[in-house]
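Across the two complexes that follow, chain A remains constant while its partner is chain B and subsequently chain C.
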Partner chain A sequence: MSTMNTPVRQTRSLRPRLGALWTYLLAISYSLLILVPVYWLVRSAFSTASQLNKVPPIWLPAPTLQNFTTLITQVPFFAYLSNSFWFSVGTTLASLAVSFLAAYAFARLEIPGSAVLLWVLTLSMALPDVGTIVPLYRILAGLHLLDTIAGLILVLSSTLAPFTVWVLVSFIKQVPYEIEEAARIDGASLAQIMWRVLLPVSMPGLVTMGLINFINAWNNLLYPLSFSTSKAAKTLSVSITEVFAGYSPWGKPWELIMAVGVVMVAPVVVLVLLSQRSIVSGLTRGAIK
Partner chain B sequence: MENQQSQNRISRRQFLQIASITAAGAALAACAVPALPAAPDAAAGAASAAPGAEVQPVRIAVGGWAEQGTKDLLTNTGFTEKTGFPFEVMLRTDTKETELARMASAVQAGNVPYDVLDFEDELATSFSQAGYMRGLDDLLPADFWAEFPDAMVENHKIWSTYNGELFRVLHNWEMPYWYYRKDWFDEKGVEVPKTWDDVRALGPVFTDEANGVYAQTEGMIKGAFLNVYLAWITLQAGGSPFDVGPEYETSLQYIHDLLHDDKVLNPASLQKDYNQQNADYVADKVAFMRQWPFFYDVARSEDNKAWFDESKVQIALPPAGPGGANMLTYAAGWGHGIVKTTPNMAGAEALFKHLIDSETAVEAVKTSYWFLSARKPVLEASEGKGVAGPLKMYSDAGALGVRPFHPRFVEALTVIEDTASAYLTDQITLEQSLAQATDGLAKLG
Partner chain C sequence: MAVSTQVSTQNNRVRRRIASAGSRRLLLFVALIAPVFLLRFATAAYPILQTIRLSFTNQDLIARTNDFIGLQNYRTMLTDSSVTGALSFTLIYVIATTILDLVVGLMIALLLNTVFFGRTFVRTINLIPWAIPTIVAGYMFRWLLDDQFGLIPYLYQLVTGDRMVVFINAWSARTAVILVQVWKDAPFIAVVLLAGLQGVGQDLYEAARVDGANALQRFWRITIPLVTPLLVTMGLFRIIWTVASFDLVYGLTFGGPGVATTVLALRIFQQGILFFKFGYASAIAVVLLLLVGVIGVLGLWLFRRTDVAY
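The block that comes next holds the complex of A and B.
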């Protein structure tokens, strides 16, 4: 009896281990698949032009910073970097500020037609960005905000607001109203309630949306491309369309484009890593009703 | 709970007050973000407006590769001193799609991102037909075309004229050259091919598939590269791919043979762009190829210093097809035009006239080869240096045809590329490819 049971026990104890092994193998394979383009981006950014197209490929070239120095000389790199920063931070803050207030109104106030209004707002996300370019151009020209960071912030924050509002409404709805009531009984004004009570408890949602909006702005090409003509307002994403190989338009300077890619990806990766906990918490809370 | 909420809810007035104050604050904060002031352009700074008059600088957009050359040119030729207009050299983007996005939004809103633009053939058809560019005939001197060879005049008529009105004047005139490894040809004791049939015979001479060496390589990936090669070959056959005529059929069959039967052309060419094509050449994997003049510089670059030798990068006339010796290659060009909606038309006109002036054109080619063309005084001034030598050789040989044109060039090239690549990769037959191309082009009107 005991001799017959032994292999069965072994099979049972091995099965979960094998399952775990497969899970790990699958996870590792998938991670590698995801990381290959990132590796290729970094590898190309630190390669010379001639190393880039070698067959068979050079997997680990001797790294060079030449592409980054070339980048600095070809385009006003630091001005573009600074513009990207202010554009992204400004857009994030403006979209969050406006959306938070709007979301509070949608979540807490019973205004006739507010549900329809929220749907209309949400539907506006379906409008392709490129279809709004001409009217937006006219508006910015009328406001004398063409070729300015302020103009770009105004446009993109208004574009991002509908989705931000939509997400934040569900966050605010989950905050027990009793907390606000308690604050009110303690004598807090509405501003104090929003600033000291609602804002802290909504922080995971705000951080998540802030990050998403920041990345959206940081990577945005269409608006800086269409509304900016000088280094006063062009961003890093535009520099991808301006770098060049040699003294003609024929070749594509992939090594420089990849260098811009590295500069653009690095801050996003750092930001995501720093706010990973808030993002996970924000996404999971937003998913529960 | 619902009732409690209703009772304790803030009033709408309260909410609106706070909301409007915060929103106004956010908007003001956004507007307060300082737009970084543009550093004064060195060249523009040197210019001075006419005393007492408030003159807007005239803005010219060029690719990054031409930025410094254009600044130097306008400074050296005293544009501001001569006209009273300061100038600003701005960067345009490097692709037709991105530049179209920028220009379309501005022009349709009645504005302009810049007054004068340096632009290529691909954008020429889109911009002219959209009505973005100003007619230029009234700005040309009476004897203007006398300085241009027939091939350039003809090219202007087809590629830079719309509804009988000129909208662009070329300053850059480049053609695909036929580069070959003279050292390899000498070693093998074979002559440079003069005809398509000669090319077919070179497969067994140079191709060594095991070592990845082919007689010929091309950049034929879809996305305009394949179209350029198809246009080049079909021109040699005496036609245009956009006609989908017998010349095009002959050309497709010829390319297919080079790829699959004659073992001349590397089949991987269908996945290569110009960078990869050049890389093949400098990796000693190819005996000859068609390429734009920029390979002339790539071969001589610091990166390839150890590899380069004059005998490795010789230029000869391309092998002739059924079209004959006067249809060996075509030239493509970049030129200047004025955006119709510019608020600074006087400045734009002054700059355009200055740029097309014969003396400026001669000075330009001394400043940068970006301004090299077959315009007679320009070619003389270049003294055959650099790629001016091959340009003169090709011009003197009368080898230039006109680049195959389609009024809806960008859409048409997509049709041609899709149908041709399907045949060249053996997914469909030649007859099917031609039928689909005819059908696709017919739909464009």
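The block that comes next holds the complex of A and C.
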């Protein structure tokens, strides 16, 4: 007995340590795999062209803001920035508004066939957005919405709506029905119930989907690239492709491309770091139900 | 007699009230879902039908043609290597990224489910690749892989002594596209799988350990069966999203070298929006649509099977 016990104990006490060593090795490598590319983006944005074109590369250059001043003077940078912002805010609000109404109907007013309708809406997520750009180009042109932020908001909030409805339905179903019932007995109208009762209790769900939709809109390339033709509606994602298309004597102006990249990455990374928990709850709810 | 009529009128009244409540409920339901359905119809369903119709025309804003030409676009496509090539790379790209996404995603999820110091930190930065705009990720890695001044070729040369040239060769460019896509997507898959893993009771593992199951057995017999439905769902989601996207390719390779990394979605964009060949672009879009349809049916069948199994 005792002869058998000793080796077991030894492996038991050794294994967690070895396991932990592996875990830390993996965790550190994985963190580096994420952070080094991002660091490279940032350090390139704050370098001059001549600092970038060095072998071996400079890991920690003396930071310069020169690239950002170049961007401001050479492209309508603030116009692109504000377009990106209003496009994202508008899309977030529009997609939340239409989705919240529909999600309430699907979660609370179960009529015959409502489950099928929810499925139809959800399945429409699978329609490839790139397959609709040609007709949408013509439709937006007909409505005089080509090259406008409003047109972009219209098409993207539609693309984001099915997933938003899907997630909000599960959020609303979690709210106890009794709260509404009580308000109804007190004589509140439906509009009052939705606005005064349901909206506040659905806030976590709305915030989550608001964050996710904001990030999706901020990152969207397809629609502005297809439907924006001037600084009236071009966003930062279009701007970075244009900066890339330009040439400098050094070759590609990587320091400028990376500078636009930093401006695009900074807000979403901050949002993610601040509200990780809320975003994760929305993403997983969409998949796990 | 009098009593029975009274009862029946009362019944009628109640019935009418229920009926009117029902129709009011129906009206309300329709009013609430109308905006989202109208929006989806106007910007998704109707345009898709238009795309199908346009695919039988030679509508072209530059050549100023707009006639019904039957299946001519589809016949042209058969010999257009930029389209057939795009179709085959789309398949390679979607299959390879999905498999790698799921495998790597599961590995990351297992790592993040282990207890270690700094786990919250790693879980937080894990969302960064998901949040980074895909077009920025494309340019960022194009710069990291730059054959003259890129960081990765530099490190590669330090270790192996060989030069690394990525974007000249078709297969190395394709590998780069696939790996960068996995860098971007696997962490997201991991987030969802992690939520699934956290739902698994530790007592199940403890019981298996007591019964003498080793780590590998516990992984294959407990973890894998439990996450399989999630893997299938996520895989399906992933496929349908990637098959129609071109953001990464647009930034990383713009479909090159030649058309080696061109995907169908990029070809649709180029033909439709850059060259204004609306008819031809629409025909390519229909091919993409059919591809999504086939994948969807296969996926739902797979989904059913795993659903039945567990």
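Here is the rule we go by: the second predicted complex is superposed on the first by the 232 of 289 C-alpha atoms of A that agree within 3 Å, B and C clash if a C-alpha of one lies under 4 Å from a C-alpha of the other, contacts with A are read in each partner's own complex, and residues count from 1 in each chain.
In the analysis below, contacts are C-beta pairs under 8 Å (C-beta built on N, C-alpha and C of every residue); 3 or more make two chains touch, one makes a residue touch a chain.
Since this is a predicted model, take the numbers as computed values, not measurements.
Model built by superposing both complexes on chain A: chain B and chain C clash. By the touch criterion defined above, A:166 reaches neither chain B nor chain C. Contacts of A:31 after superposition: chain C is touched, whereas chain B is not reached. Comparing chain B with chain C, the partner in contact with more residues of chain A is C. Legend: residue contacts after superposition of the two complexes on their common chain; A:158 is shown touching chain C, with no touch to chain B. By the touch criterion stated above, A:49 is placed in contact with chain B alone, chain C being left untouched. In the superposition on chain A, A:246 contacts chain B only, with no contact to chain C. Once chain A of one complex is fitted onto chain A of the other, the partner contacts of A:106 are limited to chain C, with no touch recorded for chain B. Judged by the touch definition given at the top, the superposed model places A:129 against chain C, while chain B stays out of reach. In the superposition on chain A, contact of A:77 is made with neither chain B nor chain C.
In the superposition on chain A, A:226 contacts both chain B and chain C.
With the shared chain A as the reference for superposition, chain B clashes with chain C in the stretch 272-280, and the other listed options (38-46, 272-280 or 290-298) are free of clashes. Across the superposed pair, chain B and chain C both touch chain A at residues 52-55, 97-98, 101-102, 104-105, 109, 111, 130, 133-134, 136-138, 154, 157, 190, 222, 225-226, 241, 244, 251-252, 254. On chain B, the positions that touch chain A within their shared complex are 1, 4-6, 8-10, 12, 14-15, 18-19, 22-23, 25-27, 29-39, 59, 61, 63-66, 69, 90-91, 93-95, 98, 101-102, 104-106, 108-111, 113-114, 120, 174, 212, 273-276, 278-280, 282-283, 285, 292-294, 297-298, 301, 303-304, 334, 368-370. Within the complex formed with chain C, the residues of chain A that make contact are 20, 23-24, 26-27, 30-31, 33-38, 40-41, 44, 52-57, 97-99, 101-102, 104-106, 109, 111, 114, 117, 121, 123-139, 154-155, 157-159, 161-162, 165, 190, 215, 218-219, 221-222, 225-226, 237, 240-241, 244, 251-252, 254, 257-258, 261, 264-265, 268-269, 271-273, 276, 279-280, 283-284, 287-288. Contact residues on chain A toward chain B in their complex (touch as defined above): 48-50, 52-55, 74-76, 79, 82-83, 86, 90, 93-94, 97-98, 101-102, 104-105, 108-111, 130, 133-134, 136-138, 141, 146-150, 153-154, 157, 177, 180-181, 184, 190-191, 194, 222, 225-227, 229-233, 238, 241-252, 254.
Within the complex formed with chain A, the chain C residues making contact are 25-26, 28-29, 32-33, 35-37, 39-40, 42-48, 50-51, 54, 108, 111, 114, 116, 118-119, 121-136, 139-141, 143-144, 146, 148-149, 151, 154, 183, 187-188, 191-192, 195-196, 230, 233-234, 237, 240, 243-247, 250-251, 265, 268-269, 272-273, 278, 281-282, 285-286, 288-289, 292, 296.
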